[in-house]
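Presented sequentially are two complexes of chain A, the first with chain B as partner and the second with chain C.
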Partner chain A sequence: MKSSNKSEGFLKNYIKIVLKPDETIKKINEQKHDLLESLIIVMLSAFILLLGIFIVGGTIYNVFYEQYSTFILEQLTSGTLFGFSMSRYDFVFVFLSAFIFIIKSWLFFSIMFYLFMRIFGETENIKDTMIRFSWTIYPYAWIIFIFSMISLLFKLILPFVFHYIFFIGLGVIFIVFIPITLQRFYDNSERESVSSYMVYGSYYLTLFVIILLWTYNHYNITQMVFF
Partner chain B sequence: MFFIEKNNKIACSIIFGLLISSFVVGFISYYMFYMDNKQGNKIERIILFSLDSCNPEYLSPDYMPKVYSLLKDEGIIYKNAWAPIAAETMNGHTTMLTGCWSNSTGIIGNGYHNSDLDEDEQPENPVQDPDHRLVDTVFEHLKKNHPSKAKKTGFISGKWRLPDFLAYDAEYVFASPVCKEFEICPKGYESLVGTPITHTDGDIYDQWSMRALTELVRKDDPEFIFINLAWLDASGHDTGSLNLNHKRELRQLDDMIWQFIIDLKAMDKYKTTLFIFTGDHGMNSMSDVFVVDKYLEENGISVDFVHAEGHSAFIFLEDKDDIDEAVELLEDNDKVSVVLPRSEMYRLHLDTYENRTGQIYISCKEDTAIAYKEFTFTVIGTHGGVSARDVPFAVMGPKIKKGEFIQDIIPGLEDIVPTIYSLWDYSIPNYMDGRVLVEIFE
Partner chain C sequence: MNARGKFRSFQEVFTNPDKIIDYSKENWSFIRFTLIIIIAGALFGYNFFWTTFILVITPPMIIWALGMLFLGILILDIFIYLYIFILWLSFTILLKIMSKNESPEKKSEKIDESLELIKKENLFSWIKVFSYCFLIPFLIYNFFEFILTVFFLSLNMPYVAVYIKDYGKFLLYAWILSLTLYSTHNIDKTQKYKVNAIILISFLITYGIVFILTFYGVAAITNLI
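Here is the complex of A and B:
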């Protein structure tokens, strides 16, 4: 990250990075950024994302709750392994814990990506990685929010499958759009060019580790894939 | 060093604080609001959990620690219970929901061969036509006999084939999309539970079934709910008993039931709920196959048909005069553990119509499955015989003793319905074979 200019147009960048990534990423790379700003991006995104899920409710809320609350990283860091957990109907507590889960996901994504980049021999800085990830993944929250609102319509016309449409949309963002945005950060930076293979490789390996950790407590679904 | 800037320090402190609060949020929500595990005195709903293909040892601190610890303190656990023979899904659940042994229900396994019919007229295997069942289920009996004191009932089936056979007259039925007679879920639940993911044979994954249960209790709250959790069976067949993946499934099941109990507490319905945990039959890992017709025919006995059910088989002989000789031959075979000619089938409550049972019943050892002609096994885990009849049995709720482990009494699945009727103060119909489990009452 360049550190010559002050951070400006924060909200504008937050919205535009999804719509005009090249132009916005160039601008972001020219500005000075710190972790507090990144944390605000993640927290804002967590709020927007959860707001959408809570407004739509129904199966989307149920599946989201069932999946995140039984994710092994969440269990290890929230006390579920010690025998206590909250009800899906304690909406305030669910909101709080899911909010923190999204922040934990930011840390985990950044650390795993950083480690893979270092393993591949790239000179990477953990702070820059965290800032890059906050700008890469989390602004998509407002797109997901809009998608949630569209899901309300699907809820009326396709009540049995509307949650699949939502989660498949979420999956496409993570598998297709985010790595492309991430690569643009490296392309538009002034640092020595980084191989696309390294960036995509590290990102997809990070996703793979997350899926592996998810399978630990989700045998019901993973059996569908492996048998 | 990247923590030198002031804002970075603030960010790191906030992140650290949030990580700590993640633990605190869970702690507060559980211990401040749901600490009370004590049950009340009034039963407002009974939930019968059928853990498909569950050995008694699965409900233990090793595999299902959360549910076991709750049952150990707040309920009664039997060392084991007995499922009907052949230890299969259809007759296990039929007994569970009728209060009758196999000889009364007429259902002796997942299917049967009717020796009076031609090949093309044989009953579907597994049996799907409720006309083959000789007695009413609890749902049918309640509707017919207690219309004035009608109980609302629910039937949630992870197994695709149970609803078409057993769910008639249940008010709320949740079933696999493969099911012919019932919709996936009742009206109003579509956007709460969604379409379930199904196993290749059509069975539904447990997370969906538990979601349906939670939403059913929250929304319509029937007084009796039967729920079959089928994935344990699928995983047992695919990977064998207590394979690492099978253990993962048990751990997930434990988490899901635990989560449901927490949700019940949040709804303030835990204190008035009676839980019954059992299974329709056990599960064994197999390593050997016994081709029974080949064995008998090599020794000069002509076989008309063999109806195989995992470890069990019902043998239809060409000539009934060969029974004694065939029994002697089978008893001499190391792979066979139980041999009952028709005259002794009452010992395992199998003495229903002869055109369903044939002349000889056999059960093999736990590692051996029975094959007929050139049948090829594609699964590792199996059940069906006497070695797979042990299932877990535990009860917890109002009016039930707390913290007892019963070793010297073995209940049967046929005891469930009479015990429920007794708790409701309903008279128990004469046709039911089960008894009231009086030893569990406070």
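Here is the complex of A and C:
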């Protein structure tokens, strides 16, 4: 009974953190969390996100596949390093490797953010950072899932540009909503106040590092970096 | 002696955001503001022009290039005004919405205080803070980029200058955004996040406009050359 209540609360928090962040973050901060729970959040989000992308398919699937599979960190930490090549039509393999890629992205995001916070002189705990990031970024997966379903409609009306709408939406979530949610976590935590200058700075520097690595072998993206 | 609004060392520009905010409130003058825009715009125009067209420009085109450089400065100055204007406009609209939604039964004392704080400091004061949070990093970044561009161009290494310009600007954006978002830290939480969302969305709208215009503008000019 207790465990079912706990899982209900967990799912409620997972959905409500996007809709009513302040209230939910207060609740989350009151409870004790471990890394296993964070891993479950990330895995659940990865599943929801990929489900949306696989259902929509078309350009969104192709762009997502091309971008993540050729990302330098993915190539260095996957079978590609040992010469394993995967076709985009091996759907099961693509799903599994993208699933693991999302988990790796959680680790990378947390470690980079942690390092920048330490460089700026803030006392930060890596475990807390990982938990905070799992609650900050990954619950947006269900919003992205809804977004992919809307894209499914756009696919019929605007078949040549519907993927732009999807990826611009994804970008707006990462640039606007996630840093504000992250700041809410720091504002509502019991620990001594952390300067929002450092939090936003570290977050955007993490995004900067990701863009830097991303453009390494993506000529089509470097054209965008041109401006 | 009151040290507010005065920089003790250059390092403080990066590490102490309060100094920039105090500076913008206490040392405001329209002449200084315009001068910063012109200098920062000129530096930006120079960097943008030489790192964008350097690979396609041939020596006989130098006079034409200088003409384009001045035109570029003019256009980019307009972009700076555009960003500040969009930010101001969004902030004004937000304030109007917030004061309309004030229902005497529901509003808490904290929200009241926060609204009062925003009103007391008035819109012009906020626009001073927002514009300096944008202009000071913009000026400093473009000054250093200018030195690096001249250095690498003189060494006949334009690709390095282009690389710095292409990627360095993301560092500038990170600095501008974190500084502008930090400037709202005194506002009550419930309003702060709305203001922060407005700042970020205004930034994205401006970046989107600049991106589309430069995308087609640069493509057109490159084709002309």
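Quick notes on this one:
Methods note: the second predicted complex is superposed on the first by the 215 of 227 C-alpha atoms of A that agree within 3 Å, B and C clash if a C-alpha of one lies under 4 Å from a C-alpha of the other, contacts with A are read in each partner's own complex, and residues count from 1 in each chain.
Throughout what follows, contacts are C-beta pairs under 8 Å (C-beta built on N, C-alpha and C of every residue); 3 or more make two chains touch, one makes a residue touch a chain.
What you see is a predicted model, and the numbers here were worked out from it, not measured in a lab.
By the document's definition of touching, of the two partners only chain C reaches A:Leu205; chain B does not. Once the two complexes are laid over each other on the shared chain, residue contacts for A:Ile175 go to chain C alone; chain B is not touched. Contacts of A:Asp22 after superposition on the shared chain: chain C is touched, whereas chain B is not.
When both complexes are overlaid on chain A, the residue A:Thr80 reaches chain B alone and has no touch with chain C.
Annotation for chain A, partner touching more residues between chain B and chain C: B. In the superposed model, A:Ser195 lies in contact with chain C only, and not with chain B. In the superposition on chain A, A:Asp187 contacts chain C only, with no contact to chain B.
Contacts of A:Ile100 after superposition on the shared chain: chain B is touched, whereas chain C is not. In the superposition on chain A, the residues of chain A contacted by chain B and by chain C overlap at 227.
The touching residues of chain A, when paired with chain B in their complex, are 34-39, 58-59, 62-63, 66, 69-70, 77-80, 83-90, 93, 96-97, 100-101, 103-104, 107, 125-127, 155, 159-164, 216-221, 223-224, 227.
Of all the residues in chain B, the ones that touch chain A in their complex are 2, 5, 7-8, 10-12, 14-15, 18-19, 21-23, 25-31, 33-34, 66, 69, 184, 190-195, 197, 199-200, 205-207, 211, 214-215, 218, 231, 234-235, 238, 245, 248-249, 251-252, 255, 258-259, 262-263, 265-267. Interface residues of chain C facing chain A in the complex, by the touch rule stated above, are 17, 52, 166-167, 170-171, 173-175, 177-179, 181-182, 185, 189-190, 193, 196-197, 200-201, 204, 210-211, 214-215, 218. For chain A in complex with chain C, the touching residues are 22, 172, 175-177, 179-180, 183-184, 187, 195-197, 200-201, 204-205, 207-208, 211-212, 215, 222, 225-227.
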